[in-house]
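Multiple structures are listed underneath, in structure tokens.
Here subunit A shows up in two complexes: once beside subunit B, once beside subunit C.
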Partner chain A sequence: MKAMAHKERIKFFFVIPGILWVLIFTIFPLLYSLRLSFFQARLGQDQTFIGMGNFQGAFSDYRFWNSLSITVFFVVVSVSLTVLLGLGLALLFNRPRRGLRFFRSSFVLPIFTAPIALGYLGLTIFHEDVGAVNVALRMLGVVNPPGWFHQVWAARLAITLVDVWQWTSFCFLVLLAGLQNLPEELYEAAQLDTSSGWGIFRHITLPLLAPVLFTVTILRLVETLKVLDIPFSMTSGGPGAATQTYSFYVYLVGLRNFNAGYASALAYILLLIMLFISSFFFNRLRAIYD
Partner chain B sequence: MATKNAISSRERSERVAPNAAAIPPVAERRRKPLKITDGMIWVLIVVATLWVFFPFYWAITTSFKEHLAIVSQPGFIPWLQFRPTLLNWEREFVNRGPEIMSGLTNSGIIAIGAMIIACALGTLAGYGLARFRFHRWQNKDVTLWFLSQRFLPPMVTVIPFFLVMKFLRLLDNPIALIIANATFTMPFAVLIMRDAFKELPIELEESALVDGCSHFSAFWRIALPLAAPAIAAAAIISFAFSWNEFLFALILTYERARPMSVIIAGVEHTQGIQFEFVATRLLVAILPPALLALTVQRWIVRGLTFGAVKG
Partner chain C sequence: MDKRVVTLVGLIALLSTMWFGGAAPTHQAGPVRATAAPTILGFPAATELEAKTAQAAFNAADKGKPDPAWKGKKFTIAVYSAGQRGAISGPLYFWRNKFTELTGATYDIVEIPFAELREKIYSDFTTSAYKYDVIINCSNWYGDAIANDWIQPIDKYFNEPRMPKWDRASIAPAVANLMKWGEHWYGTNNDHDAQVLYYRRDILSDPKWQAQFKQEMGRDMPVAMDTWEDVLEIAKFFNRKDWNGDGKPDNGISLHLKVGGQGFFHFMALSAPYVVTPYLGQPPTKVTKYHNVYWFDPETMEPLINSPGHVRALETLIALSKAGSPAMWGWSLGEAWADFLSGKSVLVFSWGDVGSLAEDPTQSKIAGKLGARGIPGTKQPYDLEKKQFLNLSKPNMVGNQVGCSWHPVLSKFAKNPDLAYYFMAWQATPPINHWNVYMGWTGVDPGTTYDWFPPAGKATIDEYVAGGYKADDAKSFIGAFTDNFYRYPIFQNYIRIPGTPEMMEVWDVHLSEAVTGQVSPKEALDRTYQDWQKIIDNIGRAKLLKLYQQSIGYTK
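Now for the complex of A and B:
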């Protein structure tokens, strides 16, 4: 009995330090910014309570809607491209093959490249006159390659492509691991019934891989919604505000214009969007960690 | 590798698809009918590898180009299209050496500090979640709560964080960034370690407890050494993410404590961006975490998916 009671107590010794740390360094900032969001507050000046004013202000702020729609474009294109490309590559390389090991190793590199550095590299790769992309396009005979930083959609595409480059390998590695964990016996049985590769993929691989696809999509979704570094370094939000993603706009409001109250309200709107999205997969995520 | 996969897939088959066991063993093992030929696959491997390496290749070749060559002879192949030069690297390390050294030192201090805190607290919490049962809040909820830190947009916390650090007089001090990054990367450490401890056979620790070992020394002497590879993976992942973090670094430092990620952001000049300068600098900045990450590949998938997918 004594041992049991001891066990009851010691278990807290293990988890409490981590919980406390995270509580102190996230809950306090979270509460403080919740408070700020109800105030007209500029950094270094007096604060006045304005209730829901900041939130109402956001809905009539065209830059808010602009950044939100850019982020939605970015998220949809980047997440679907990375997951689809990753899935394609994973299917292609899901077989014992000598080159695979080296290939897998090299695919780890993009994931750990600092996004901020990648943005600057993107700047040199997509440069209109001497960047790699346009030089290559001209070599291929394209007379008028896109002005990546002057055309609205080209710029949006450029930042998205850089993100796609960085995270395709992540999706590839995760989906490949998922494929290699699938039971081999099932495939062997399936091949007796049907010889169609598509049939096997559609009716066996895809359903079995669904949990992994789900995980990878969620993780990508959460990360891309926060995107800041790549547009920050690559386009500075330009041309105009064409690549001003949501986080970038919040950064400009809060940390360039020092409008802390409004920035906090905007950040909370993003948090609410994330909560809304995560509510859809909360139960499945909870089951994973059971 | 192939045998390992075969084993793990056999283990999994019972859990993932209970029906799989019911299917009679296949007498005749046939190769999958391949529609895609081997040659095509090799072409695709090459294309995909080029896709991965091209940006690095571009950065490396650019770093060996003279400014004039970048503007007048844009090309991809050294010696053929441009004459490589060491000038940029010389400038980077000689003229701007002190700045780079201070950036690397700061990044190192920040990343190592954050790594130590995240891994220490994360390992404890991971062990607690793997080995004990919590009642009021279930283990999975605590786990998910740790994970949810990762979902939090940093923009929500950055302003209060700045104000707190200002109040504590920790602006432009690596400690502020160590605290921030330890918080951000702790979910990785907690979830990786929880997963790793769950896989260790509990019997070893139980028999130690029977022998009169305390819970803590069972953890410290038996579980911890066995989980060493996972700790290394958690450490390197939190190191890399802390090294690469930009927003908080930008806000919380302005001079002495600037890490590499912020120093890179200073590459833009008023007369436009200088490619060769960007290239040398970002190669210096991205190499340490990328090279470290190569050493814990086996854990990358599991680590980055928070244990949800086994690599």
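Now for the complex of A and C:
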């Protein structure tokens, strides 16, 4: 009995480091930044309680709305493209073919590249004078190729494409694993009823793959909502603030301009947006399972 | 061992390597230690001439009396990242062995990318880490450093026998003021930033092009380029013409305004003569509510940044942008310089680095063809008092000290402050500072009497030729800087109050919005005005007003 009690106690001992880790590095910063969001807290100034002032300030700050709208564009385009391309590639490679292993390995390489490095790579690829993209476009007869760094929509597209290039392989990998786990028997049975590949995909593959698709989509959503490195290194948020994403703006406010109170409020608004989106998706996922 | 286990361990190792390798910062922010690079006379020099001239400077420099107790000590310097032969950071590497030879001590150099430099240094102080003993400081950070009590005055060392003596009186007053706050010195002499206009001397003096200009424009080419309007006309004339004979159309002017690429500094220099007007009594440099002001109303702290003068200057900048490569709004500083240095544009206005780089055969095709003059003026400045544009017979010329004028300051928390100051003072001694100036690769720009040619100073052409300059290029380049610092009647004042970097950041964004056609020049500057008002209110208007008045010497 005593040995049992000791055994019970010791298991808590082993959990303590984990609990401390979470308390120090997750819970404390979370609570501290929540507190900061209600204060005017700038470098070198005394902190002053201002209630909801920072949150109210955000809604009247045109740079807040600008960065939010850019992020929405980025999220919609990037998530759609990565998931669709990833799905397409997964379907393509979900059958025996030569060199499959090589292609699978090659496709995942971009995931392991630091986004900031990819941003600098993007800088050279999309360079308006000597970048590979514009050189190729000129060879194809385009007289005035896009100004990737000084035209608003071209710049937005450029950072999106770099992100798509990095994360398509992630979607491909997860969706391929999902496809390979689908039961063969269903396909064999379906092939007795129809020869339409589209019909099989629509009525069998897609519904069965839906949970995986939802998971991939939500992971991508959360990731793209936080994007900072690529616009930081590639366009510095320009031209103007045309590629200044939400996280980029929070970074500028908090770490460049040291306005910690306002930056915390902005970060909490992003957290709320993410929670809302995640809840929506998880509810939908639950509905599918039910 | 089970094959699957081996595979799993291998996979984990591979992923860890890739993950941590990929997640590692792209720039080394830790100290860069001395390496066993080949040296000449103890210097990591590129040529024997470089080493010999450096040795002569070393011999001539005052060395004070290094304290034997410093032997084996070390301190840390934070500087923006440009590498061992790069601008501003390069001299730190170059002189390190000699510092050890003198003192028995050494220093670590922490290079930080420009985009992260301020936040890294500010974070170091605010988190009480105090890793850096000496900071190679941008002059517009003073407001924050002083307000937060991060750096210490250095006056107490001036008469210390241990310390090398440097010549404060030789520094151009405009730059010397940037090393001081109130009555105290905080920085030692190093770099002297200002912007001047560079041009292709061979092209503008070519009778063929002058005749063609007259034929097309109906008047003589205004080669003196006293006004921005003249510059615009010349840039337009040469733009899209194959004036360098490579069979392709070339550019009139080279500009840049990519966000974060320091383009706003260039607008600062361009716009000064449109906004800053002299006091009509004596002295003309007297700061009043309406004269010799550029940034704020010195009585209310209301930003002047959207004044009609600023708006017209921005319109001029946009007009100039149409006389160059269409891609240049996506360029950073280096790309704009490269366009000029590779012989593809006739004009560029920027810092002294262009003058030095023009002589570097690895980067330039225009050595021996360089012309330079002080920043042009305008005959139509805006009078803040009369609230109208003037129509002058002579252009309004305004000197500038635009840029950072990078120089060392001593942290209040330095572990070995005496040793650190010794280094700062030793680097500021005239022979070493002048060597850094005439060796172009160092990025140290001229600004002291020993950099100027007689009668303004005592430098010789031979010194610059030894540094790799063509004699005529050096005359023109140094002449332009001398004009800027000593011959312009008035000066644009320098902003260095707390919050300056934040104001520059939003200004940079709004200028980019204007030049890329997202908003009109007026709207861009109105946005800047609104943002600056918010920043001022946020930091405290009364506090900033007092500091601003002190920093520009305004008294009622």
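One rule holds for everything that comes next: the second predicted complex is superposed on the first by the 264 of 290 C-alpha atoms of A that agree within 3 Å, B and C clash if a C-alpha of one lies under 4 Å from a C-alpha of the other, contacts with A are read in each partner's own complex, and residues count from 1 in each chain.
As a convention for this text, a contact is a pair of C-beta atoms (placed from the backbone, for glycine too) under 8 Å apart; a residue touches a chain by one contact, two chains touch by 3 or more.
None of the values given here were measured: they were computed from a predicted structure.
Asks: More residues of subunit A are touched by which partner: subunit B or subunit C?
Replies: B
Asks: In the overlaid three-chain picture, which partner chain does A:P231 touch, first (subunit B) or second (subunit C), both, or neither?
Replies: Neither partner.
Asks: With the two structures laid over each other on chain A, which partner does A:T113 touch: subunit B (first), subunit C (second), both, or neither?
Replies: The answer is both, since A:T113 touches subunit B and subunit C.
Asks: After the superposition on A, what does A:A132 contact: first (subunit B), second (subunit C), both or neither?
Replies: Touch partner of A:A132: subunit B, not subunit C.
Asks: Would you sort A:F103 into first (subunit B), second (subunit C), both or neither based on which partner it touches?
Replies: First partner only, subunit B.
Asks: Kindly classify A:A241 by the partners it touches after superposition: subunit B alone (first), subunit C alone (second), both, or neither?
Replies: second
Asks: Just subunit B (first), just subunit C (second), both, or neither: which does A:L255 touch?
Replies: both
Asks: Quick one: classify A:P146 as touching subunit B (first), subunit C (second), both or neither.
Replies: neither
Asks: Quick check for you: in the superposed arrangement, does A:G86 touch first (subunit B), second (subunit C), both or neither?
Replies: neither
Asks: Would you mind listing the overlap between the subunit B footprint and the subunit C footprint on subunit A?
Replies: Common to the two interfaces on subunit A: residues 43, 112-114, 116-117, 120, 129, 232-233, 255.
Asks: Spell out the part of subunit A that touches subunit C in their complex, as residue ranges.
Replies: Interface residues on the subunit A side: 40, 42-45, 112-114, 116-117, 120, 128-129, 144, 147-152, 232-233, 235-242, 244, 252, 255-259.
Asks: Which stretch or stretches of subunit B touch subunit A in the complex?
Replies: So the residues of subunit B touching subunit A come out as 1-2, 5-6, 8-10, 12-13, 16-17, 20, 23, 25-26, 29-30, 32-33, 35-36, 41-42, 44-45, 48-49, 51-56, 58-59, 62, 70-71, 74-76, 117, 121-122, 124-125, 127-129, 131-134, 139-144, 146-161, 163-164, 179-180, 182-183, 186, 190, 215-216, 219, 240, 243-244, 246-247, 251, 260-261, 264-265, 267, 273, 275, 278-279, 282, 285-286, 289-290, 292-294, 297, 300-302, 304-311.
Asks: Give the list of subunit C residues in touch with subunit A in this complex.
Replies: 15, 18-19, 22-24, 26, 115, 118-119, 122-123, 126, 144, 147-148, 258-261, 325-327, 329-330, 498, 501-502, 505, 509-510, 512-513, 516, 518-519, 538-540
Asks: For subunit A, which residues count as touching subunit B in their complex?
Replies: 6-7, 10-15, 17-19, 21-22, 25-26, 28-30, 32-33, 36, 43, 89, 92-93, 95-97, 99, 101, 103-118, 120-121, 123-125, 127, 129-132, 135-136, 165, 168-170, 173-174, 177-178, 180-189, 191-192, 195, 197, 208, 212, 215-216, 219, 222, 225-226, 228-229, 232-233, 247, 250-251, 254-255, 260, 263-264, 266-268, 270-271, 274, 278, 282, 285-290
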